[in-house]
Structure formats: C-alpha cells, structure tokens
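The chains carry the letters A, B, C and D, assigned in the order they are written, with residues numbered from 1 in each.
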Amino acid sequence: MTQRIKAGIVGATGYTGVELLRLLTSHPNVEVAAVTSRSEAGIKLSDYFPSLRGVYELTFQTPDEARLDECDIVFFATPNGVAMKEAPLLLELGVRIVDLSADYRIKDIPTWEKWYGMRHESPNITAEAVYGLSELNRDAISTARLVANPGCYPTCVSLPLLPLLQAGRLKTGAPLIADCKSGVSGAGRKASVGTLLCEAGDNFKAYGVGGHRHLPEIKQTLNMLQTGIADGLVFVPHLTPMIRGMHATMYLHLESGRHPHEILADFYRDSSFVDVMPSGSTPETRSVRGANFCRISVQQAPQSDVWIVLSVIDNLVKGAAGQAVQNMNLMFGFTENAGLDGVPLLP
Amino acid sequence: MTQRIKAGIVGATGYTGVELLRLLTSHPNVEVAAVTSRSEAGIKLSDYFPSLRGVYELTFQTPDEARLDECDIVFFATPNGVAMKEAPLLLELGVRIVDLSADYRIKDIPTWEKWYGMRHESPNITAEAVYGLSELNRDAISTARLVANPGCYPTCVSLPLLPLLQAGRLKTGAPLIADCKSGVSGAGRKASVGTLLCEAGDNFKAYGVGGHRHLPEIKQTLNMLQTGIADGLVFVPHLTPMIRGMHATMYLHLESGRHPHEILADFYRDSSFVDVMPSGSTPETRSVRGANFCRISVQQAPQSDVWIVLSVIDNLVKGAAGQAVQNMNLMFGFTENAGLDGVPLLP
Amino acid sequence: MTQRIKAGIVGATGYTGVELLRLLTSHPNVEVAAVTSRSEAGIKLSDYFPSLRGVYELTFQTPDEARLDECDIVFFATPNGVAMKEAPLLLELGVRIVDLSADYRIKDIPTWEKWYGMRHESPNITAEAVYGLSELNRDAISTARLVANPGCYPTCVSLPLLPLLQAGRLKTGAPLIADCKSGVSGAGRKASVGTLLCEAGDNFKAYGVGGHRHLPEIKQTLNMLQTGIADGLVFVPHLTPMIRGMHATMYLHLESGRHPHEILADFYRDSSFVDVMPSGSTPETRSVRGANFCRISVQQAPQSDVWIVLSVIDNLVKGAAGQAVQNMNLMFGFTENAGLDGVPLLP
Amino acid sequence: MTQRIKAGIVGATGYTGVELLRLLTSHPNVEVAAVTSRSEAGIKLSDYFPSLRGVYELTFQTPDEARLDECDIVFFATPNGVAMKEAPLLLELGVRIVDLSADYRIKDIPTWEKWYGMRHESPNITAEAVYGLSELNRDAISTARLVANPGCYPTCVSLPLLPLLQAGRLKTGAPLIADCKSGVSGAGRKASVGTLLCEAGDNFKAYGVGGHRHLPEIKQTLNMLQTGIADGLVFVPHLTPMIRGMHATMYLHLESGRHPHEILADFYRDSSFVDVMPSGSTPETRSVRGANFCRISVQQAPQSDVWIVLSVIDNLVKGAAGQAVQNMNLMFGFTENAGLDGVPLLP
C-alpha cells in the first residue's frame, strides 16, 4: 500500500511556494493539507494562482488555523527570518521540516547574522540542520528532522565541483571563479522597482559584486570538502532578462589526472537529476526549464590551462522547490524522483 | 491490465512534435515507438532536443525505416502538405492517425486549395476525417480512423462560442469579431526573419488582416452549428512577443436570455479542460502555460450591448499537441486526461 | 537669435520624466533648469539614471528649493493628484504648464472624481486647461497657459478617428470597438507585483474590462466632435510583454463615401507626426519606438462591412513625453518638431 | 560653411546597416547618397524599414547602379567576404572606406583564413587597413583610406584593458578571463533557427567555448600593446535573451600600483564615449542602449587578489555602427561626436 503523508506549506504565496504546489500535484505519496499566509488568509488558493484552478481546493490560512502540527512535513517557503522563529516548535511537535529560506544554511552564526542582517532566533537548531544538497548529503538527509534547502547559486556552483573536490583535483591557491547568471524569479515575488519588466527586461547587469549572501554558503560547502579551497573564491552574480533559469560559468585550475568529464560522469552515474553532458557541450537553461535537473559540461579553454565548467539549473526547481521535494523523498524513504519526473518545457 | 499502444510521430523536429514527446512521457498507455525526420535521420532525439536527455532513447529515422505500419497511431506533426500524401497508405494498413497539420481540416476542397496554395492529393480522405475539436466531437472522434486536429486560433475562438451557438444565442446579422493574439511559437520552428527574437521581440503587430488560413476553418465550425452565422466573422490575428500562449478577445451580440456565463458553465460542467471562469475575470495566458486548458470568461461591456468573451490557451498544448493527445485518448478509450494532468508552469 | 527658455520637471523619477529629459537634450530652445523629487532630493540626476551620465549636471531638489517660479514652463510628470495642488500657484506666478498626469483632462469634475477616486482640489482651473492632443487643438494650445497632456490610450485611439468624425463618416448607433494593447511601461515606474518581469513577462491578458480611466477621456474627445458618437464605445485594454509600445485595433462602421484612407491622408498631410500608411499595411509598435510618431492604417475586413483601423504609438513618446514637448513647441512658437526628430530605434 | 560629404552603405538590409542609417540622420556633415542590396534592389528603403518612413527617400540599388565611386565614404555593412572583393576598386577610385565586417581586421592572413573559412581575396590591402578602435588609433584613423571597424566583443573587452596595458599593470603569465554576454542582434538579421524568439528567448547559454572568431582579434589588439600578454586569454561568449547590449565581466591579475580606476579615468578623461564609472559601480547594458558609449567599472573581488572589470556597450552602436561613424568623423576631421550625441533609450 502506498504510504501517504500530509504536507504543509508556510508562505505559499511566493514563487517557490507555487512551484512546490505544482510539483506536489504529481507526487504519489503526498497530500498538501495546508497552505498558510498571514496576508492572504481566507483567500482560495485557486483564486490567488489561477494556474491552480481545478487542482487544489485549499484556502490560505493563518499559521494558527492551519494545524501544521498535524502535518508530517512542513515546507518553509518564506522570506528569511521566519523559519528561525517558527520551526523550533514544529520540530518539538514531531513535524519534519524542509526550510527553503536561508535561516539554517550557515553553520557559523556570526557569519549568518552578518550577511542576513538580523539576530538568529534559534541558533541552537542550526547545528542539527542538514544542508540539503541532495547529491552530497543523501544519508544525513534521510534521517534529518530539519533540512536546510540550499540556495540556487550554491546548488548550481557546488554540484559540478563536488566530484572534483572529492577527487582532490582542484588546485589549491589558484583562482577559482564562478561567473553566474540568474533569471529574475530568483528575486522572488515581491513588489520592487528593480525587477519590474521595464527595469530588468532587455537589460543585463552584474550585482552584488562586492558581496552576495550566497558567497559564504558556497564557501562553507566547498571548504567542508577541502579546507581553505574556497577561501579566495570569486563569485559574480548577474541578472539576465528571463523568468527562470540559472547558468554558472566557472573557471578552474586542476591538478593533472583523469579528464574531469570522467570524474563527473562517474560521480553522478546513479544520480537521476545531474546530467553530465559530453565535454564540449554547452548546456542551455531552457533544457531544464520546469524540471529538477542540473546539466553540466566541462572542457579546457583553448590554448590555456584553465578549465571551463558550465552548469545550468532551473532556479525554482533544482535551485529551490524541486530539490526540496527531492529532500523530502529522501527523508521519508520515497522514490527519489517521485513527483519530479516532469520533462522540461521547451520551447 | 493496462492497455499499451505504440505511437509514431512524423516530423518530430518541430514545436508540436517536441511537445507531443513531452506530454507522452507521462501517458500510462502509450509507448513512442518511432520518430521520423528526413533531414535529421540518424540523429539521436536527445541530442537534437537536450530537454529530452535521459527521457527517450529514440533516434530519428526516415519514414521508410521507421515501420510506422507497426504503430497503432501515428501523429503527423508536419508542415502542411505532407499528411495528405502519406496518411492514405497508413490508413489502409490499419493505422489510426491524428493529423496536427491543416491537411484534412477543411471539408470543401477548393476552399482548402485556395487557402493553402496547393493541390490536395487525397481529397477523398478529407470526407471521412473527423474534426478534432474534442469537446464538440467526442463521439465521432472515438470511432474515427483519421482525426484532423484543429488549428490553434480555431480552438481558442470556437470553444467559447459552441455553447452560445448551440443555445441559439448568437444574434444573426450582427457583427462577430475575434481579435486574437498569439505567441511566436505558433509560427513553428523554422528559420525565418520575421520570428527572430530581434524582429518579434519587444514588438506588437497585427498580421493577416486581409485573410488568414484559420478564418475558413473557424467559419466552417461555426456555420456547421448555425448556417451562415459566421459569414461576416471578422478575425484579426496579432503577434505578441512571448513564446507560448494565445488570447482571443471576442465581441458578440447576443439574443436576450440566461446569462451567457451560465450557458458556458453548464455546457462545460463535465469537461476537464475547459474552465469557465467567473464573469468579470480576465484569464491570462500564463495560467495555461504548458497545460491542456482553455480558460474562458464572458462579461458585458460597460454601457453597451456588446458582450466580451476572453479565451486563453497554450497554442502548443490545447491548440496543438495536447488536444492531439486528448483526441487519441478518445479514439482508444483511454481516460480523457491521461498524459494531460500537468499543472501550468507559473511563473 | 535663438530663443531659449527654462524648463522644470516635477516628478522626474518616473518613466515620463526620464523620457522628457532624454528628448529635451536635443531641443535647441530649452534648458532644463530644475528637476524635483521629494523622495530623491539631493541625489544627482546622473546617479539616479546612469543613462544620463555626462548629459545633465542637475541634482534632484525639493519643490521648494527648485525655484520653479523662475521657469518659463513646468512639466508635471507626477502621479495623479499632484498637479491639481501645485499647478494653480505656478500659473499665478506666470509659469506655463504641461501636465502629463490626468488631473486636468476631464472637463466634468464629478466624472473625474469618480474615476480617479479623489476630490479635485482645483476644479476651477480645469475649465481653462486645453486638452493637448496636438493635432486636434493646435491653435488653442499655442495660447494656453495650462495644457492637459492626453493619456496614451486616448492618443492612440483618437488620432485615427478625428478625421473620420470630422468628415461625418462614423455611423451613429453602430458598435465602435477599440481593442488596445499596451507595453508595460504604461503602468509607470513604481514597485508593484503585477508588472514584475516574472508576472508580466511571457504573458498576455486583458485588464480593466469593466472600466478603465481612459474610457471617459476618449469619450469626451470623440463626443466633442460628434455628440453621442462614443456613448457606446467598447474599450478593452490588454497588457503585452514588452517595454514600450501601444497598438489599437479598432472596428468601425462607416457611412459610405470616400475611402477612409484618403480622408486620413488628407487630414494629416501637413502633420509631421501622424503617418497614414497605405491601406492594407500593418504598422508595428517597434516602427515608432522612441519616436513621436503615430502610424495608422485602415482597411475593410474581408467579406464584412466592418472597417479595421490599426494605430501604433510609443506610449512614452507620442503617448506622453513626446506629445508634451510637441505641445510646448506650440505654446512657445517653436518649430513643432524641435527636439522630436529622433528616428525610431530598430531593432 | 559646413562641409558635406556623400556616404554610401553597402548591404544596408542588416542591423548594422539600419543603425548606420538611423545615426546618420542627425549628422550635420553627411548625406546618405546610396544604399545597396542585390536582393532588395528596387525596393524603397522606407518600405523595407518602416521606422525610416518619412526620413529617407532612398531606394535600394544594385552596387552597379549605385555609383559608389561618387561617394566620399562607403560603409560595408555586409557579411564577411564581401568587402575583401569590392573594397579594392573603390579605394583605387579614391573612395574612403569603413568596413564593419571582419575582412580587414586580422593582420595575419593565415589566421584570418583559418577562422573565417575562406581565402582572402585582397590580402595586400589588409596591411594598410587601420584597426578602428577609435580611442586606440585616433591618429592613424584620421589619415586612413580604409578602416577595419572592430568586432563588438573586441571593442567591449579591449577598451577597459588598453589603459592597464599601456601602464604595464597586467600581470604576465596570470590568467586573463573575459566572460562575455551578448544580446541576440549580434547574430545579425538573417533567417536562422538558433536566434528565433522561441529558441533564444527565455534562455541563456554559452557558445563558441572551443573557439570564437573574435578571440584572435582581441589577442591581436592586446598583444600589440604588450607582446604575449593575451596568449592565454580565456574568452567565453554567452547569448542572453535581449535585443541589444553586450556585457563583459573580466577577471584580471594586476601588478601593484595606483588603483586601476584612476588609470582608466585618466586615460579616458578626454574621451566622450568611454565612461569610467566609480569603482564598485555595476554598469548595465540598458544605460547605453542606442548610444555610442562604453561604460566601465573596476573593483577588487572581496577576499581575493582578482580584479573584476565590468564593461558594457550597445553591440550595434559602439560595437558596430556608432564606432563606424566615430571613425568617419576622425577620417574627415569632423567633430568626433557628430551624429553620436543621442541619449540612451531608457526604459
């Protein structure tokens, strides 16, 4: 008999929330039991998101009404600073949690507080949170009560580097550069001038060059695998005029040895969601639109000793809601790709 | 035991072809057995469409290699003029067909030949073809050997009008106007200057004002339900800078009677794919992106006796590949929404 | 000797403000002496709009600091409700005004108050304001102290209809339909969810079907030329995923007589900014991008007695800042196209 | 008295051609006397580009009809391989030339032939051609008969590096990386699948990673200033879903000394078209849309010894037609910014 669990989504009015709702409709083991929003309480979900008409009969509730304690799992699809307040009680009540916000990603609390500009209200919980980069931490995730779902940039940048780090191939002391490009949905669904169609459309720019919150998160992941390797990481995010999609172009120096393509291909041989493409390929973001994939290629720059890694994800799927579902699958022993076998939408 | 059939796709290199392939991955009763393309024969499907990597192991074949005669159903996702040559033999061999091109849509052969600018090579077959507007012709489709899948504009325009026509509510002799807007994918995946990003992007224009091929198709459907009602139909298509999506804004004059919203809601009460929204709503194209829905609203213009009907579809889904799958489901007695329960991708 | 005047811009942080600033750089008779913004006072204009680096040395000032009374002309590029408070004093001090907001467009104060949802604070000034549809009111504009610059939809819809109305060709009692499509910049430069790239991008929808503020403005203009002709006007605006551009598709019934193309061509023979294209043409919005043109074509719908009028403008230029400059030129006796001879940006 | 010259444009049907035509309308010293196109001969320019209606009375002519020998200057806005055939005769006849194609950019003929895949038909002319990076070669350009107008990537990448090279600040042997992003108009106005709105829209990808034609051009420029400095240059171009605009993100290692911002600011103090922004700025492509600017900023990556240079141009203006006009101005002793003082179109 199929196991069925109840899921709640806190903060379901944003892009990661509605993407979770979309993915979970096709999940054989999950019933969405509650969606919460303080500002939209009382509004029918299908009135708020007409794309969900006929799909869900739910109505937004306040967190109090929603009886999240009766859920088996709760997803926080909230702005930073909410989960750190509300997660501890749910954990005590036996609810397992995937937090899509940044609240529990950074182990070092002063670092977190510096980058996120607030006092952490449940720092003791951070220690137990498992960093939910699924392909890195499958075992720990499977028994976790609390999973800190990675940021989109850290997912896109870390996945191609894990195998090379594990194989000891990244040259220490050499420059490590991640030039990253994101679609605008990464900024979330909130009123703001900078992400208006008339500001972000037909335009390309870098941002956060002097420092971006995902920098310490990437460094933490990489340095955990090889102390100090990411201390000098250069990370430049850019905003590109599209809705979904993220592209990392990385410039590496490698110790000599097997072709890195082979190392990546071996490492991800049994991973459904990481596609190591032939060396020389150029993955494009639309090839993962709406799907939980990361596609990667690696090749040497012509007449140079620099290696170029290209990596693409859909920032809302493998970079957020999809990876959250993947983590839930690991936590509950479901098939890892349950709810995640949708094919990318092209064109 | 689940019935399984074999499907072939002729001309799978275009947008309707790749969309069929995407939809059929989740269909419980269908195995895609062959994809053909003369120009790409020998190329792996997943090399041609990286979005299908890991999904299909197929390779493009020439029609001769492909043994389409061993398929239970063949979809023609070809330019106009191909199916009319190749369908007759397959029908003789017992293969059922859904033709996504325009070859068998128009019953009157001289009309077809005038609008499509070529001689029809199998006019005798046209008579037996069932026009595949699923919600109109469910019974006939279920026994059809050959289904002529409707055009995108005719689907978007006809669906809201059927119930009003059947109820005798469209005023004869009054203007009937369909102002339609299409995303660029309606033009297909072929090299052309007019649909370059730099030509069609950040631009809006009408086209085909003096006559568009979908005009006689719409007239045929409407006039079949009420002779002459569509003789004076005014149809103006426009190109809008987006990939998928079609929006019809129709201006009608109605005989007095029940509110047309009720008529539509009653008519489509048991139809999974036609969503009659509350009067006063404004459906948006992204609310059906990637899904087989038509969403409709109807309301009276302020201080006027004109009624305004708004109708949206994804031109590649309900306007092409999705409706083709729906028709196949009807033909083979599958659940009508098999393979079609994907939720629209938003944002 | 070239006459030079001083201009001030109130509310220069929005799209019509920055467009005014762009256009005025090439104006031989105007020096921009002051730009005001309460919220940005003290910020250099070129820091706020990097596109103006090296072009202007101005700094935003509060209205008090700005000494607008020393200007010959002041443009209000403000949200509705500001000019009605600040214009009267400036007029008293001898400053001439072009108001780009809606404050003085509607002659009937209760109508204005109903549609704009506030009490009018200088209703007595409305009477003297000249409606700045340049091609309609050249003489009155030339002597006006206060010009109410038209809305974008009213400009796009009214320009093609003026000649037909003047010639008495619009059939009374017949439906008059304006199906209009606007780029997103028409919504202005303010934080809002609905105009985010991720909401308005790759999407098409109608809005304001039940009533839009530009409806009474259009009716006022048309009814002034022929009493009651626009009482039943149906006006449906749509949002299209592009930055600039507006397209009106109008459906008319005409009394028999000369071809309407001839009537339009005659009417606009000496107008630099209205381009009557050959009948059968389809003007596209990008053909006027960044320029002060309205391009129009008119043709009969096939097999119908309905006439189709297509009209395009750049909503920020002929629909706002460009027409404002044109009106200033008329007010001060400058060459009508001074500052307005830029060629549309294509692609 | 104002000097007036006659200009001809060969291949005026493409994007650089129509941009030249747009810019030259505001040039006080130039009359466009002829536009040629073999395929469109006999078509009125304003019928082909409706944005030019009312601006030019010209008609496309064949090269033979066009009497280019009567022009003072001829611009080649042609595909590669045309100028090398037609330029020599015009030069002999005393016509000066700016070639916007790549025919005369690469001094080493075997290198050119390898990258452009054809035999060079006038290699002897290459030697005399002056590379038209205006800010680098002002003096040589002023006396040149033939100017090879630089590619868009080489312009965007080279301008920020020139001052650092001249000051001897680029570290030899260290990685030099240029991660570049281009709008789609860089691919030109030709029918092709890859640049369709439905392929290039809502998508981001790298291309030409294994080698791009602009790589040897950039290397030639940089190595001319410091032998060998660019031998290991890594250049990765990307396609971004917008019409105009180019963004280079460069990662450099510098010898210690003055802040590079000061070096750049000093170098370009008297250059109208290169804007060195404050260190820490992030120039955006729309801040140069339609204008002949290159905006640059330079800053050190946090916790790293890598320097980050950001550089933006409009690929059709400073990256093509605008720089061509600038070069013409230098050649004929006109004011350097004649015809080039348009303000960027924002939004």
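Everything that follows uses one rule, which is that a contact is a pair of C-beta atoms (placed from the backbone, for glycine too) under 8 Å apart; a residue touches a chain by one contact, two chains touch by 3 or more.
Given the structure is predicted, the values throughout are model-derived calculations rather than measurements.
Interface comparison, C-D versus A-D: the higher number of contacting C-beta pairs is recorded for A-D. Greatest centre-to-centre distance from chain B is found for D, with centres as Cα means.
The distance from the centre of chain A to the centre of chain C, with each centre set as the mean of the Cα atoms, comes to 45 Å. Taking each chain's centre as the mean of its C-alpha atoms, chain C lies 36 Å from chain D.
Centres computed as Cα averages put chain A at a distance of 40 Å from chain D. In chain B, 15, 185, 189, 198-199, 201-202, 241-244, 283-284, 286, 289, 347 are the positions where the chain touches two or more neighbouring chains simultaneously. Residues 15, 18, 21-22, 25-26, 49-55, 185, 189, 202, 243-244, 272, 275, 277, 283-284, 286-291, 295, 316, 341-347 of chain A are the ones touching chain B in the complex. Per the touch definition, chain D reaches chain B in the complex via residues 15, 184-185, 189-193, 195-202, 241-243.
Of all residues in chain C, those touching chain B in their complex are 175, 177, 179, 181, 183, 198-199, 201-207, 209-211, 215, 231-234, 236, 238, 240-245, 247, 249, 251, 253, 280, 282-286, 289, 299, 301-306, 308, 310, 312, 347.
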